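Next up: the structures, one after another.
Two complexes are shown next, each including chain A; its partner changes from chain B in the first to chain C in the second.
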Partner chain A sequence: MSKEETVAKKQGSRYTVRVWRQAGKDKPGQLVDYQVDGIIPNMSFLEMLDVLNEQLTKEGKEAIAFDSDCREGICGMCSLVIDGVAHGPHSGCTTCAVRMRDFPSGSTITIEPFRAKAFPVIKDLVVDRSALDKIIAAGGYVSVNAGAAPDANSILVGKESADRAMDAAACIGCGACVAACPNASASLFTSAKITQLASLPQGQPERKKRVKAMVEEMDRLGFGDCSNHGECEAVCPKEIGINHIAQMRRDYLMATLAP
Partner chain B sequence: MSTTLEQDLRAVASPLMNSNIPDGPLESKWTDYKGHMKLVNPANKRKYTIIVVGTGLAGGAAAASLGEMGYNVLNFCIQDSPRRAHSVAAQGGINAAKNYANDGDSVYRLFYDTIKGGDYRAREANVHRLAEVSVNIIDQCAAQGVPFAREYGGALTNRSFGGAQVSRTFYARGQTGQQLLLGAYSSLMRQVHEKTVTLYTRREMLDLVMVDGKARGIVVRNLVTGKLETYAGHAVLLATGGYGTVFYLSTNAVNSNPTAAWRCHKHGALFANPCYTQIHPTCIPQEGDYQSKLTLMSESLRNDGRVWVPKQAGDKRKPNEIPEEERDYFLERRYPAFGNLVPRDIASRAAKLECDNGKGVGLTGKAVYLDFRDAIKRLGQQVVKERYGNLFQMYEEITNEDPYKVPMRIYPASHYTMGGLWVDYNLMTNIPGLFALGEANFSDHGANRLGASALMQGLADGYFVIPYTLGNYLATKQPADNLTTEHEAFKAAAAKVQEMTDKLLSIQGDTTPTEFWRALGKIVWDNVGMGRNEAGLKKAIEEIKALRAEFWKKVKVDGRGDTLNKNLEFAGRVADYLELGELMAIDALHREESCGGHFREEYQQDGEAKRDDEKFCYVAGWKYTGDVSSPELHKEPLHFESIKLQQRDYK
Partner chain C sequence: MTTFTGALRSSLGKKYLMGFTGLVWVGFAIGHLIGNFLLFAGREAFNGYAYFLEHLGHGMLIYVAEAFLALTILIHVANGINVAVLDKSAARPVGYQVKGNARGRTQKGLASQTMIWTGLTILGFLVLHLVTFKFAYLWEQVPDYKFEGTNIMTRDLYSVVVRRFSEGWYVGLYTAVMLLFGMHLKHGVWSAFQSLGLLNKKTTAPMISLAWVVSIVLSLGFLFLPVTVFVMNESFASPAGGLHL
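This part shows the complex of A and B:
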């Protein structure tokens, strides 16, 4: 252990972390308490879990499985429901960007996986979100092969449209919207892709086909329907609004009534 | 030219390193070559199985494009979804020689800037091709619906980036990498839907399978079940990124690692220029040892932010209390022509120099200021917010300081690796049938990569180069035979991987893989980082050897092999870092010159990198000999026909 670390251990805070442990998909799970020391305020939430896992490994206990990758809030791999809220207490950010200064020293923090029928638990806090990829595969694209594109400036897009598309395209596909929704609906996720492409001229030729295919795939995969609770918008780390869901519903209606 | 002849005498081209650069004038090489390539008949394409490892810009674009063409593609990624590959984190933009800004840009100028930015250590022919196809990339991405930034009239808009005096960088807010990746991902998912691409997520490639001297398959660990799986194909494409995580402290993702490339190296693939690593100047400084991940902020911030330190060493005043005349805007002072927009290697070293001289700021003294006070005064807070809002927000979330009011603190961190598997003009390694794309190869950035060029290269390789060169290989060298994983080579490769897994689990020492990784990172960062010298490199080599020996005696890996086990995943990667780290030091020691990201303190002039074109104008390709500590050096001399070699000058 380095000198800096020893100092940090002495100076840092202690937390009780109550974590969902589950050995595998069809195994029973339970919440287990752990103590973790030496946590400093600017440490990220996942760094706190790293510290805990190092401690568990040293003690010969199995480390807690959780997903994370970029650790800068853009890849969408991290998840976790922290004290009942997907991505934790800080609005507009992912779990990896949550800092320990948001938790009073000495407090107990409860950590659970994203729960939804369409997101089966793989192990501990790791869930299977591949259903979201299947929704995109159903139609979340413009069908254009590499090499078949015209000059980029031959497709003019007004700044407002481009900005609207970008607002929707900011979705990182983390699935927090599903975890937060009482119906475990993927409407916010699905509608973000639909609005992005519906806002752009490139998306028009397949607009009706797309919305039908994606919405129907979402239903087929076991996601619930939207009943306007707005929980999804509240936890979305990219602050994507439920107005996109309204757009999706309008488009779906149009596609069904006038295919 | 006589100089070229002399170079040939000095650096004799290794027979293993035939670059296969087509004949003819530079400007028309690629076009002529494409026109004469052998093609695979459309009806035969589905008989070929292509393994693509990685789903970032290079891998995702390649898998999608090859699927569109009708090949049977197997695409692997380490994350739970292809959309999470680390290309997603690139912020600032993508270069293209569109000249939409009407400021004098051209294919030649982008080519020239890239060669110069790379400190004359890249292949002319590759870089020219990159500049040529850069324009197609923007077209392709715009057609996919990538929401690039636009002018009010609807046309695409550009920004400037380091190392260039034209505006050629296209962007989508501060999330360009994400948006380009989602474009490639959506094309990929379309092919998954069409069933031309089969996706394998949560898989880590742990070995290459060779049959009759050709790459014919891979061994992967299914990260959920822990089972080893084998896959056979007619070619293997590695798009697995770089090796920046060897430094421990880096801006890479937690799962980014060079294991796939390294294990191919141990099958005989040459590893080129491992000492060319890029230290990015605008990262948020480290706070504690627990941190391996540093957060990078786009260098586009240097468009409007001014970099400075106090003139007086040890000045402990708050930044806003230091008057203008007591601030040293050291980049503007030293490089008046490029100012804050000098290339990354120069900006990083300059910051380190100020900190080494005691002028660093913040608690650790390892930071310099990046100040937007003047930009806010000039443009207004709203405009600054529109340009950099998400970066400012990110900075504030991490540091708890408001950069609209207090200057940001930044420090360099390992970010990108220019070295990688050696490839020829076709992006094929010296192992037939094994290709390397994107950051995994060494080819286009020389000794230093310019900003907004990684996205360009990844997509160029994936969308516009490999679809052609792979076809040529298959049509001329690889019949669509029926090799399956029943072949004994697959069983042998899987057994070898299993043996390593068993060994890692059986040691049960007292030191975690992360502790070894941190110790290695410190050796590499201190000695093979921004400044390198002979004594330090020799010391590093000995220390790494000792640490490696200790690893195989003392590592503690908990849990089992037949389940999701992050500790085991990390242990295997750390074992590879401990070997690759030594090769980085060996390469840095042998290259007795300074160029780009490789700065040997013995070879400098007034603090600037001093190349030795007489002796070192070549690509160093290292061959594994069975002993990590004594690799065999092969050379590919670099010939410059279109550009005259000169000392880089950004003053």
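This part shows the complex of A and C:
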């Protein structure tokens, strides 16, 4: 151990981390306890896992698999359930934006993967979220060429519609809404993708077709029913509201009553 | 092509049915509560109200209403079991070992997570309620009542109610269930509007507050009656009945 490392270890805190370890898809898994040292308050949660992984590698053990990419809250790749809450204790932020100062030194932190039948665990904390892509592929697009940037100025969009579309478009597709929902419903994600387009003129021609196709794909993929717990809105890193779910229900009802 | 009936089988359709049937019963509960307050007016008024309901539309309307209520509650219960038990475990076969609650804007709490249990308790109570009041005449002696100044006879439903509410265990049970009923409504009422797609960003929060008010008014309203009848039984059991202090 280098001198700096020894100093950091002395300065930093120690945590007990209980992590879900699972060798692969359809393999049995369990929570395993680890001690991790030298964690300073300004480290991000994922950096804490990096430190732990380094430690494990040095001990000749297998590192913990977890997803991350941008590590600045924009890509939606990171996906952990920390002490029972998707994306951890801080509202309006992704796992990668959670800092260790949110956890009292010496505490035990339990980390589990996003859980849903539609999100099978691939390894440890990594889950397959491609079901969300399938929902988008079912209709979350505009089939015609909507033009280039200058064309945006030729079709006027009201402020309220633009705001609603922007709210919904903030979705980064992380799947925390599914993970947090007691029923593992994908209603918040699906509704955000639907209302984003339903709020804009370019989305109108396919509006009815889209809502039907996406809702039915969501059901087919084995996501659960919504019970209006609103937990999805509370964990959403982009704070997307359940008002989009109500909008989806209106649209679906209208699409089936007056096709 | 999805038809409306096909849509009702989707996950969203379950919400429409749940919300609609729930609201039907909330409407019924409000009417029922108002009717119940006639107990305070006395034997003649309460029996007269029951007689009036039984003879609406040549005595047919009550059967239509009852059939409608039975159908809606059947849908509500079947859907509820489907959503909260079957679909729920199918969509998340492996659960979390640590359960947490996000802070802030969540509505997830004791009321929202126990809908199925409060619901089934209310259902059980409903059966008991029908057996001990509506169908009391089938298994116990119910005296007849003659309306003042007429020759019209009817069952003295008022006496059934007052006698039952003089029993401490029944009043206790009734009170406990009404508190659970309030909890069910606290999540259920605003949720019904959300399920039917009737809320937006501005109306969600006021509707959640309104649901609080409705649940408190209905739950306290319903338990106020048996408790009052129990405490003031002498007044209620008198020939004229009602509450006179």
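Simple rule for what comes next: the second predicted complex is superposed on the first by the 247 of 259 C-alpha atoms of A that agree within 3 Å, B and C clash if a C-alpha of one lies under 4 Å from a C-alpha of the other, contacts with A are read in each partner's own complex, and residues count from 1 in each chain.
Here is the rule we go by: contacts are C-beta pairs under 8 Å (C-beta built on N, C-alpha and C of every residue); 3 or more make two chains touch, one makes a residue touch a chain.
Keep in mind it's a predicted model, so treat the numbers as computed, not measured.
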Legend entry - Partner chain(s) touched by A:129 [first = chain B, second = chain C, both, neither]: first
Inset, instruction - Answer with first, second, both or neither: which of chain B and chain C does A:196 touch in the superposed model? - result: first
Legend entry - chain B versus chain C as contact partner of A:228, first or second or both or neither: second
Legend entry - Which of chain B and chain C A:250 touches, first, second, both or neither: second
Legend entry - Shared contact residues on chain A - chain B and chain C: none
Inset, instruction - Would you pull the chain B residues touching chain A in the complex into a rising list? - result: 61, 64-65, 68, 79-86, 88-89, 98, 100, 136, 138-156, 172-173, 175, 177-179, 182, 185-187, 189-190, 192-193, 199, 201, 224, 253-255, 287-291, 293, 295-296, 394, 397-400, 463-464, 467, 510, 512, 514-515, 556, 558-559, 563-564, 566-567
Inset, instruction - Over in the complex, which chain A residues touch chain B? Could you list them? - result: 2, 4-5, 8, 23-24, 40, 42-43, 47, 50-51, 53-54, 56-58, 60-63, 65, 67-77, 90, 93, 97, 99, 101, 122-123, 126, 128-130, 132-133, 136-153, 155-159, 162-163, 165-166, 169-170, 172-173, 196-197, 200, 202-203
Legend entry - Touching residues (chain side chain A, partner chain C) in the complex: 31, 81, 83-86, 89, 91, 110, 112, 115-118, 180, 182-185, 187, 212, 215-216, 218-219, 222-231, 233-235, 239, 241-243, 245-253, 255-257, 259
Legend entry - chain C - residues contacting chain A, complex: 1-4, 6-7, 10-12, 14-16, 82-84, 87-88, 90-108, 112-113, 115, 187, 190-191, 194-201, 204
